[in-house]
């Protein structure tokens, strides 16, 4: 294990040896293994957005096996998906790529103002399927936030006792926030901080915009002239809010976009001290060869080559 | 066990041996046993629609014994019903036809906008009664969907540990959807996919119409010119959404209709790659001899003769 | 045990020996023991309607001991009451008359549109008090119906494992139904069927009127010219809806009325195939000697003398 | 043990020996021990009304020790209070006066239309603190009544198994009742009856007024010319509604008032067959010497001297 | 152990030895250890107000390690924070300063009218992390108050059995109170009393204003001419409401303000019999050297030097 990985693990000394070992396993796996950065493939869009919308563009993705293979061939650090997808091929591929079981999920057939995912699988499922971690979404800003915070408290206790790290997808959303507020820089910082306080080992947030949602935060940012102009600036703020950079924070890729936009985003995340990207739609909605090229490029950005 | 059954079972390698054995038992049972297709008799209409409306046309059906006998004489793959009906004659017939305990049920004496069935029996009941599987209804699109998803998560864990496969009736319904949306092709695909992600071994959906409910799905279908004109086309989409055909998807028969309509529907389901039918009212509301002839004809369609 | 009792028990072969023994105990007890019919004394009106309204007419009834003695002297098949009343004298009388612990209850100090009783005692209470069965009320048609269905599922599992039969009071009521609908013939059939599907060993419903509540049921009844003119006709429909007569269905007496009306009602219930009556207010609100005469007359009607 | 105490205990033969022993302990304790009557000191007003309002008039009452001493010096049958107050000095005084742990409590910082107390302590607390009983408030008439009835069902089961009697404070209140209805004579009877049906060993109600809340009760009272003119008349009705006098019913004192009013109230309670009083504010808001004189006088009324 | 500490511990004789030992540990720790007063550092503002607003003024505070070091260098009695912050460095510093795990937390991304924190960590977490106590917030006045009271009942039972004292942050808030009422003197007294009745070992409230919220309390205060003019007067009332001074009551510092204001507040708290202060924002939002000077000054005020 190199020094950077050792340094990262030193932030997690209160975790069980199992949690630390699985963190190391994900950090050391794949094309940029050992760099201290991570690029993860998440495929929960079938559940979250529906299969037609998610997989028609690249129909190979209807098959759960495709995503395992994509993650393996691209040399990604880990592959995250809901129970059904993981269950379909865990026995064949759990030894080839670290698996993250996404234990709660939302669909868009019903959308209330205050979202709350269903807990669709368990720590026991993750263990039985040979996973390296569990993933969980919280929606700070939702009237149902406490339900999520208390679910993840219970899951975290069980997961860590079993040696599984906890990755929190922290997505501000709900009646407490404006639409712009969901990706506002102050709110992104807040979302990352809450996830860390809840005990997350890895936090996933969206790339923050320059919007500021809360009056008190605006006053503070202006008074202290905190730079927020570039994405790198804003990523820096988020990373600092995650225990001053002592928690792994990765950023989601969002809707499919041009390659140049993606690469630029990754460079800014890297320059702001972000630990990597979690890229779903931009990966599996492209033909496989294009996706592999793109992912190699992204990993090179993060691997520093 | 023939090669087709072996192939189907190969999609379920992460399940317990008991689950696989019971899947094989249902696939290999009856007139089309071994074909890889299934025709199942469900009789929960007494609970769901009321006994007067369900059984008066063929009054023999008031007696729970009738349905066991019908399923056995017709050579169906399995018989599904709520606790009371199964309990009445399980001791006499559990060895003659695979039984599916329908563990949740709704009645129509109260109908809220956002339906949620009651869990009316348990995995322990299913085991005590010698059942081969449990059945469970979810209503994606209902504000109460999470309650159902979390109930089936718990039941699935218990059922599979006990060797019982899980069959999910996935019926989109509730305030998140229009009336037409309940059987829209994109929604049917979505409903089947959710059921698979929740860990269903067999999924039951309604035959989809050509209506498309969600704007994003419409855009995708039009952009990629996905064929949806015939029922076979639409069944194909649903089957693909169920892990690219690697989960057993069967289709319900709906309200009583003419024989020709029924046969045509089954042919299209078969041609679209569907795994079979689950036919309740069209079976037990007909006089027994008529029902037996109809079911033989349907099974011949699926059996490929 | 005579043949009729043996026949009735043959419908319950999937129950534990304890449940069957207690069913036999109630069927064989008292003045019409062995006839296959039952007349039961229920005294939950103190809880349901208040003690002043229930017991002032015959003030002896304020004393819990009175009702045990009334049931014993009249030779009734069983005595049903809430925890407090049973607890008061169970040690003295449990060996003299089968006791039914009514494990849920409603009062009328608060009345919401969608009723739901409180679970006020347990299977352990019933066992400790030497009871022969538990009683439970469901209100199909109430928005809270699922809560009741799931409570009785749990209680049923526990009760039957302990050898206690389950008696369901199935009273349609709530925002899903009109006032007339509560006793409509189609709804009474539906209510009896639901109770059977939930696993009830004995079902108690109100005598149905000729009103038909649901459009689809009306269409069916008219199309098939199902006779509903007399109470006997309607009782026949209810009994058929209770698994074609293979579950014990008894009918409540309702508000106090004239003796002739009571006797005529019982004759019709008997002629329609009903299994008996459960008569509370008409028994304990009369002076004891009058009540004993009336009950003897009723039991003679059911006993066929 | 004298005959009256033996007679009272004979109503509780279905309780555990521990429950009967603790009932005897309270009945036999203090100045009127053995009379079959009880005078109890309750001090939950700090929680229910706030400490400023409750204890300023006699500031010694801010100290939890004061109330133990008052109860002991006055020779009361028992002292009832919430967890904190009992916990403060249980080790010093549990052997000197029977303690009743009030296991649920309401504050008046939030007052909804349908009150429901919080369960603030447990049977295990009561045991650890050497208490002789638990106390619990129900609010019949509240939309939340079922929650309370089900809580007390669970607590009762545990308490009695551990030898602790259950005392129910039955206070009609909530959206099901008018303000006058809270102390109406029919409602007081109903409240006492419900508490007994729930398994209470001792019931506490407020002194009933001559108001009648429910139409059916009014009709009955008028038809049978039940006397309700004096408090003694009304107490008699309440006691009869409590299993014909076979449950201990005591009456609360209410807001502070003149000594003559208090004594007259106690005489009427006694003459109506009430078992005693539970007097809080009238005791601890007076200077200690005045309170001791008043309590001696009250106990003499009940002790029959 | 000196006499004052012995006296304080004498109020807690009904607690487990572990609880008493940990109380002593906190009372005896740091610069004013043994004085019977406490000054505690709480850092939950990152969760409660957001990291940007909380830590930008003194950016060192983004790092969880900073606060441990501040508490240690200042010689504070204890350091309180949510799970994530404690977890980050518990292994390094648990032996150097008593740690208080704040087991519930609210964020301000969603703010309902009736606040309720999420329970974000457990007693087992506190034990594993070597903490000396748990902290818990209640909001009397909120419609959700019962949920909090019942959560703390369960946590208290578990914590005390494990030797951990319970500190309740009692903050009146919610639809039952006016804005001014949240810090009204009568309400502060009430809030402290409730916390004590719930079993708190240490209570934290806000410094009360001279506003009186409830009519009955106003009447009482005026009638008995209770002095409320100075903060010392009002602190005296609060301390008396906390079991006549036999529970440790400490006061929060509130928003950042001038040093003179802070010192004056502490003097008044001390003169009114308050047991100390819990000072968050005023500590960690200042540069460290300024904070250390201020804390030394405050502790000297409490230490009586």
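Order of writing sets the labels: A, B, C, D and E. Residues in every chain begin at 1.
As a convention for this text, a residue touches a chain if its C-beta (ideal position, glycine included) is under 8 Å from a C-beta of that chain, and two chains touch if they have at least 3 such contacts.
If you're wondering where the values come from, they're calculated on a predicted model, not measured in any experiment.
Visitor: Please state, in steps, how far chain D lies from chain A along the shortest route of touching chains.
Guide: Each step joins two touching chains, and the minimum needed here is 2.
Visitor: Which chains does chain B share as contact partners with chain D?
Guide: For chain B paired with chain D, the chains in contact with each are C, in label order.
Visitor: If I list every residue number at the interface of chain A and chain E, are over half of them used by both copies, so same, or under half, so different?
Guide: Chain A and chain E contact each other through largely non-matching residue numbers.
Visitor: Using mean CA coordinates as chain centres, what's the gap between chain C and chain E in Å?
Guide: Between these chains, centre-to-centre, one finds 58 Å.
Visitor: Using CA atom averages as chain centres, what separation in Å is found between chain D and chain E?
Guide: One centre to the other, that is 36 Å.
Visitor: What are the residues of chain C that contact at least two other chains?
Guide: Residues: none.
Visitor: Can I get the ring sequence of chains, opening with chain B and turning toward chain C?
Guide: Moving around the ring in the direction of chain C from chain B, the order is B, C, D, E, A.
Visitor: Can you tell me which positions in chain A touch chain B when the two form their complex?
Guide: 46-47, 49-53, 55-57, 59, 62-64, 82-85, 87-88, 90-92, 105, 107-112, 116-122, 124-125, 129
Visitor: For the complex, give me every residue of chain D touching chain C.
Guide: 11, 13-14, 114, 140-143, 145-146, 149-150, 153, 157, 172, 174-177, 186-187, 189-191, 193-194, 196-200, 214, 216-217, 220-221, 224, 226, 237, 240-241, 243-244, 246
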